[in-house]
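Two complexes, one shared chain (chain A), two partners (chain B, chain C).
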Partner chain A sequence: MILNDLLGTDVVDSTGQRLGEVSDVRFALDAAPAQLLSRARMVGVVVCPRTATSFLGYERMDVNQPWPLAQLLRWRHRGSFLVLWEDIAVMGPDGVRLRSEFTAYESTLPR
Partner chain B sequence: MKRLLGVALGILTAIGGFVDIGDLVTNAVVGSRFGLSLAWVVLVGVVGICLFANMSGRVAAVSGRATFEVIRERMGARAGLANLTASFLINLMTVTAEIGGIALALQLASGVSYMLWVPFALIAVWLVIWRVKFSIMENVTGLVGLSLVVFAVALFLLKPDWGSLASQALHPSVPSEEGPGTYWYYAIALFGAAMTPYEVFFFSSGAVEERWKVKDLVQSRINVLLGFPLGGFLSLAIAACAAVVLLPAGISVTTLSQVALPVIQAGGQLALAVLILGVVAATFGAALETTLSSGYTLAQFFGWSWGKFRRPAEAARFHVAMIVVLLAGVAVLATGVDPILVTEYSVVFSAIALPLTYLPILIVANDPQYMGKHVNGRAVNIVAFVYLVIILVASVAAIPLMIATGAGA
Partner chain C sequence: MRKAKPLPAQDIKPAPRQAGLVLDAQLHLLDRQILDVDGVPVTTVDDVELSGPAPGEPIPEGTEAPHITALLTGAVLGTRIFGGRPPSSRFIRIPWEVVAGVDTVVSLGVRANSLDASWLERWMRDQIIAKIPGGRHDPE
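Moving on, here comes the complex of A and B:
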């Protein structure tokens, strides 16, 4: 499975209720060192209730310019949340199902 | 002194490099049908290209990478692909038009059919791309292209009624024999010709080729802010020549020789010779720029090694891509389609694709992770956003207007 198969697939909760689509996947570079960088560790997926299109970088809260564009993209992605890898029950070509007690984290990146 | 020379050279190159077959043809067509009543569009277009070329030059100088590489990385494969597809198709059309332009200019000089000049133009363009150093290529075509100043000289020799030209330009109105649909259709065409996307990609990739650093930003800004407006002035001179000679005679431009008519009337054979030299240099330079731009965008999207600073063997896919693009352009010309027609369509399609090219540039130029403290200032962002709206309106209106007016017929 490659990342492209995952992006845009449906996300459902444990009861099968649709929550949105995978619009981004978060990685951390904190695993064992490899040849160039450390290996990427998957932290979780960003679920967006409205659109699977990209945030175009405006998930970072310090990126605010040009202002109308930032507002438009944030508005398009309102209600997005981050679900950690631990809270994902099934992930496959048909979509993602979350565990019953998953936590929805803020999907923006503060800094 | 050396620095001053560099600045002067940069400005002159930018002037000569600004005008290409799209500007030549569109301005002459517009001048012969609408007089100077669309001169304001050239102004709007020049300010726009200055704004975005400056932005992409800054991205390249600060991040050390071409704008398109940053777009691909920052916006992801999908948004990058939309940008690539739009830009690449326009590039391909523009390459075709420019090669046709070289051939037409050589036909004007020799009387031999342009079709026979096309293979020659193809080989000449390819050889230069393969062998000639980037800076030499840039400067020679830019400087020789300056001979298009002959349009401005011709305008003076024609002793026009300056007052009436000025009033056409300052109080624009739709001429009685043209409808508002065609007026706005040509407004979009002229806008597309001034803001052709290849210039921006070429400008930023060229900045990487010439290893610009932050300290070169001042020079790049001078090049753009002086060179492009002076280039725009040349565009206006082309339109004005057509407005003075062709409009009263009822000739609407459909061939390159008609573009040359006012210059011949003003300065005779000598002026024509200078004009042909200028057209060959301008279209040749633009053919190089568009061909390189298609190679740049493809290579930068797919992550191939690219650049003329590398030997061709070290950037093999980059060079193969450009050969394919050149052959594709020549294949289109080989069908016998009129290069002037290709040019007219290419500038309108440029206008249609503009949002996909310029929106990503604006986003990237605002990203502090790439740009640090060199992100866009507030004023630049406001103006750029206004331009984005103009670009969007032009892009959306282009196809309906094209259908409604029968492509400006």
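Moving on, here comes the complex of A and C:
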């Protein structure tokens, strides 16, 4: 699967209610050590209810400068959340469908 | 397009902490420059190839999470302007196994000459630059 097929697609819950668009896909390098870098495992998708384009990721980091830009971009991406791989029922170019009883997590990146 | 229903803030829980380095593809991978083991620029990351279930097919519970199999590079300027993407066969793959680090640039653990991604540069060197008088040695 190609990542750009997934970015920007609609995310719906198990009843078909639209929750937003895929604004990013999160990976973690937490597999067994390999020769150079360990495997990048997909953790989940970052869903934004308002826009699929995420500029510089202000809403996911605690960067506050320049202040007006940070406030504007954070407001634009308010309500963004992370859905883990375990809660994804279908994923493809036509969109992402979540399982019933999915859990939404904060999309902020760990420091 | 249907309007999205924002989730109530109290339904969004703190994210579980991951054991290793966390990368968001758009923020940390896409459009980053790729340097080889000697610091020579190779190309940029235009797309990422994932393993895992067939697109659009239901994913059974307990399925292993996909992982990055390769970074892709190719002629994407036209499709970025006019939409769509090149067919998968037109991308050049840089396997994830040769990636040594992800920072402001993506660094590789191998030399650019061993990668398909640098074929155009090698072809230019061998077929054009080498035929120019003085093109086979350093400037004096």
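Everything that follows uses one rule, which is that the second predicted complex is superposed on the first by the 105 of 111 C-alpha atoms of A that agree within 3 Å, B and C clash if a C-alpha of one lies under 4 Å from a C-alpha of the other, contacts with A are read in each partner's own complex, and residues count from 1 in each chain.
Keep in mind that, in the parts below, a residue touches a chain if its C-beta (ideal position, glycine included) is under 8 Å from a C-beta of that chain, and two chains touch if they have at least 3 such contacts.
These numbers come from a predicted model, not from an experiment.
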Item to check | Residue contacts on chain A - larger count, chain B or chain C | outcome: C
Next on the checklist: According to the stated criteria, A:Leu37 is in contact with first (chain B), second (chain C), both, or neither; which is it?
Outcome noted: second
Checklist entry - Just chain B (first), just chain C (second), both, or neither: which does A:Ser54 touch? => result both
Next on the checklist: Looking at A:Val63, would you say it contacts chain B, chain C, both, or neither? Reply first, second, both or neither.
Outcome noted: first
Checklist entry - So, A:Leu72: does it touch chain B (first), chain C (second), both, or neither? => result neither
Checklist entry - Counting only touches as set out at the top, which of chain B and chain C does A:Ser23 meet: first, second, both, neither? => result second
Checklist outcome for this item: Dual-contact residues of chain A (chain B, chain C) 4, 54, 56-57, 60
Next on the checklist: With touch defined as at the start, can you tell me which chain B residues reach chain A in the complex?
Outcome noted: 74-79, 362-363, 366-369, 375-376, 381, 384-385
Item to check | Contact footprint of chain A on chain C as seen in their complex | outcome: 1-7, 9, 11-27, 30, 47-59, 61, 65-68, 72, 85, 88, 91, 96-102, 109
Checklist outcome for this item: As the complex stands, chain A meets chain C at residues 1-5, 7, 10, 17-21, 23-31, 34-43, 46, 49-50, 54, 56-57, 60, 78-79, 81-82, 84-86, 88-94, 99, 103-110
Next on the checklist: Quick check on the complex: what are the chain A residues that touch chain B?
Outcome noted: 4, 53-54, 56-57, 60, 62-63, 65-69
